[in-house]
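To keep things simple, chains are lettered A, B, C, D and E as they appear, and every chain counts its residues starting from 1.
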């Protein structure tokens, strides 16, 4: 249970309209990720759903019930904050138990549920510690523990991993995915991390300036971005976007080609360019190539590609993977 | 000019020896990256070079001159801190000008040099702002500006990008690399980010518990890690390390194989496993496979590899890329 | 945070404090305002009559008024100068590592706990007394003429006494502020070649500016109404040399029992205090927002 | 800063710091010492530091004149009472200001602070009349009320600055967790702001303890605190230095001891949010 | 029943507190609650309370200044039931007159005082001087200068300098009387612009500069007492009650070297001595008038004097209230200053204090409500002159101006 519907929702802070108007349906059990550049309204949208902000207009319903005016506590949602927002003066156990205590649950029931949540999240050994004595990843897990313990209709995550370092981020990403699989609860997840969006989402919602640019599964967005914005936003390294002469050859205002869809060769090829910075990642090599008449193009080569700054290389974009955009930036 | 030599340097805080003993030479113009797990002494080493900490024993020399006892200001080095350490009450211009002002430079000279640094770093439009009014990336650039303006013998960076988001980190990474290319000044760079270490370094120094595990170019470390620690540490996703039966077949205590060096097939192959979580990154797909008798193995497949959780796959490690370790964890 | 629900609760939660303070402000102040237009001497009951602005006229044209105004400013300014200046110096000193830090901090903090009356009594009788005072003894010990503090430099003496009480407060706040200075910033400045003096001027002082404003704000509030120290030591004299506004109003109210004049004086003092307040808030408000 | 500082420097600082600390503390120390001297020794020249005949006579004399414990009791009740009530009123107000600020929040705060600037004598007669008519003269209740009012602005302001340091997200988290407003304040805000609240409390106890104008003018005997006790000594009767010292010592000892014991909390919290 | 008694922290009052048990023994149903305050604070508290009818006290300690003013306002209850053997006629006539209003006694004197000269017989002997019984100002000034030995911290004369109507102005007003000066003429015009005042003040300031102790401008009765007791003053002109303190060997280092003389004059027929009595009165608002009167009767009775004598010796009984005391040979023997005290009191005339006629009563004060503030303000000016902060002429000019303002404001002069 946990279908969330936003119907013509808009939000302004004073004069500034942050979300002009949004319609969105999040199905029960879905993992939906909101992505978009900073300030585009991701957090605001999440907070509207949570009930931490009032909608200016429009209605929000959960499982068909209008909750637009309901206070956060009455909506049956859990939220995990970017800063974790753990209660520093409570032990891990008390932190996790807090929502249950607020719901006046029975002591024994609370104890059981907390143990259960701690077990799932591998926190059993830390139950008596204070948040200050935990590492970043453990804190994040406590925050999640606090969210799952009350079995909400849906989880809301606001950039939950952005304070962790890369390695930990990877691990936690997996854990959350697994949690979703095992619980099957609706999750709404805000991030601006490519990888998180791509790997975790059932459905990605790309936002820009409070508007929905595209909604779809990760691979849908990767394969067929609806417009320039989505094309540039989804995928890492970023899609090469080329306009001017290079694009006109393909009858488009702009063409896009992902770095991994360009073939490198020493002769032949469609474009000729001079290699600038090369980044050897071990598994891949990224070449930043200045292509004559086209501009800077990033190319990804598998493995260790031996090339020196200043070398000339030939590039061939894979024609099947070419994206074409009209003057309005729409794909056609 | 900027050759830094550490000769039998050791450092203890009270009773705890943080750096037992280190010999290290950083050549003039080199870009050296220190990596290692948290708490291994990277920052301490950098601060020893900077003169912000006293060595317990050993000598540090810069360009052949012993500076072990010299105060930071006299070493002619610049440092960029993780927190940026900008002066919040000064404008960007004043921040960048500060080292020059302290050196009693001429007003006109200062103005010229600040303009120049701002131009290089694309900060010209922000010169009158306070740090508080800048975005993370801009702040980072101001910190760098403050470092380059006095043309030091070497730059020291302590995790300068770790407070930035992924996208920005990519951009700043490139900018620093380009800066190094154009200035040609020695740079010592501390990070725990894989990608940064691999892409930026001329030479990586892998540290563990205050000891140097291996020194070499990124690809050297990637290709021939000297021991288990370096093997596990360098490369993303992490190398699969397998011991037990799987390793004994190859006459080693442990074998290592990177995810990108495992071939996937539907039949044949050396190992058989069941797919767990799949992560579609667009350009690649990461499969987490539970291999019978071997354990969890991560495999990277190019492009969009269609597979479902629970499917059975066959895996073949590339024998040329197999790493073998003895019981002490040393490569042989 | 910004749902209508929370906003209206917020207003409700503020209500008790606001209403109480409003009552505390308005009822006595209203009565004071009313009295200030009456000819009202406590010692002559039954003679209250409306006199218009007479009380204000007499209060404002009283030569004591301008003197008291200047003295008030000197007193507040002097104490602020000593306590902030000394506080910074002491904070810098106490921030260094040395033996017995904890005990020295206890010693430094102690004057803040002393009742104003007690400290005035102690200073007056045991230190500044020109015959028995310890200062006099020290002066005589060095063959100097003892200074008659309360007669020769009355205002300065009072500034000294009051500053002694407030120095610990300033020191403590500045010390904590100092300790919150980002270590990396200090190191960055060091790398940039700034010596101790430059570091103090360019890094430490600006960092302390907010703490300094807080000290100034709080101290000003209390210093404007300094009065026990004056009453105990100099009675505002000799002449009017140590009479500040509060003491002047006190003299009207409790020596002459002229409620009318005292009320007028009180209203004038409130107006002046609010001018100071607005002025302070301007600078401080800005500093606090940053 | 983990570079070694030379021992000589450390010793120099130690000496200077101790000298300054002792200088600042000296008046208090001297008062305490004098209280154990006879009147004659108290004014002896050259003064004797510790080599005198220690006597408790002054304390007996002071106690014989006025029952010290009655005054201490009143001081404690009044200082604690006014501070606690002040906190009770101020916590919700500070919560509202810190977490649901409006454009006028700053103005309200500044207005509150400005009420503290009004000279108390100016409103003495009105208050006296009000107190007389409500029977509050010479009652602890009345004094607690007055002191609550005069310290309330400071309490609100201090709490406000502490509360602002607390990330709003935590309160929102509590709200999401189903906490009502009261529970949010009781279970989350108050414990988190505890250092700040403790420090506010201590500071206000000190201020209330030392408040001399209202406590002196609105009491006669029943509710008279230590400020009234010391008022009997504020002019000398012939040789009185030792007796004055004994009375002074008695008046400041409780608060000084409390202050010393709780100085850690006091200092920790004195880091006004605004200071950081 | 509990009586709340507001009292001043003078030695005699403190002594009374310690003797409370005697009263309690006689009146087991009455409890006593003491509020002991320093003089200025006491006056503020008591005045505020009685003027606003606060009703916090049942017995007040007030002086001759307040009694006529307050009695006129009906703020005090007349003392009419002091008991059979109280012997009201035994009270010294000038004191009784000062505490009566329309022939009714409104306060009972606890102790009375005038002022006189106390001097160090040893120093006078050394300097070859002899103090006459009734010295002139000229002699006093001369002697003071001769005795002064600043090297050894011996100051010829200690006089009040601390600003306050009850401090320096008590002394200066009384002194001015003997110089022929007065506060007001019959039209209530202030007289500080007259030569008599200038003469008075010049004399005072010069004398103190030459022969006074340092810090004189902050010395009041108590400070001077301490100075005299510790042997730093050659002469001291102040309240007669001081006599018992300076001759008490427990407190005074010069107890056996003190002589007494009448306050000096200038040959104009008035001496520079004042008249004061700390007295007990009952505020009109009290519910416990009966008990209060019982207490007052006890505290000011002959028996009380006997009680003190028994416990503390005759020298320490509160002086200056009863004729019988000065006829008691035991007292006369124990108190060498007794004669001088009674003579001083008897020569003070509150109704005709000055050489020229005045519209007010009071020797060292002017018995109008405004005098407290006025006296203190003028006192501040004179204290400043003594401290050398302003000249005598400036001080007098300011005094004249501020007095004129105040009299105008209060409607005495149009």
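Assorted remarks:
In this section, a residue touches a chain if its C-beta (ideal position, glycine included) is under 8 Å from a C-beta of that chain, and two chains touch if they have at least 3 such contacts.
As the structure is a prediction and not an experimental result, all values here were calculated from the model.
Any chain that touches chain B and also touches chain D is listed here: A, C.
Taking each chain's centre as the mean of its C-alpha atoms, the one that lies farthest from the centre of chain A is E.
Counting contacting C-beta pairs between every two chains, the top pair is C-D. Taking each chain's centre as the mean of its C-alpha atoms, chain C lies 36 Å from chain E. Taking each chain's centre as the mean of its C-alpha atoms, chain B lies 55 Å from chain C. Mean C-alpha position of chain C lies 15 Å from that of chain D. Chain A and chain E have Cα centroids separated by 90 Å. Among all residues of chain B, those that touch two or more other chains are 52.
Of all residues in chain D, those touching 2 or more other chains are 1, 43, 124-125, 129, 172, 231, 233-234, 236, listed in ascending order.
Along chain C, residues 1-2, 42, 132, 187, 254 each make contact with two or more other chains. Residue ranges of chain C in contact with chain D, taken from their complex: 1-2, 6-7, 9-11, 13-14, 16-18, 20-21, 24-25, 27-29, 31-32, 35, 42, 90, 93-94, 96-101, 103-119, 121-123, 125-127, 132, 134, 137, 140-141, 164, 167-168, 172-173, 175-177, 180, 183, 186-187, 210-211, 213-214, 217-218, 221, 224-225, 227-228, 232, 245-246, 249-250, 253-254, 259, 262-263, 265-267, 269-270, 273-274, 276-277, 281, 285, 288.
On the side of chain B, the complex with chain C involves touching residues 50, 52, 71-73, 77-79, 81-83, 85-90, 98-99, 102-103, 132, 146, 150. Within the complex formed with chain E, the chain D residues making contact are 39-40, 43, 64-66, 124-125, 128-129, 131-132, 137-138, 216-217, 220-222, 224, 228, 231-240.
Partner chain E is touched in their complex by these residues of chain C: 41-45, 54, 58, 62-64, 124, 129-132, 136, 146, 148, 150-152, 231, 233-241, 243, 251-252, 254-258, 261.
Every residue of chain B that touches chain A in the complex is listed here, in rising order: 162, 165-167, 170, 174, 177-178, 181, 192-195, 198-199, 218-219, 222-223, 234-237, 258-260, 277, 279-284, 286, 288, 300, 302-304.
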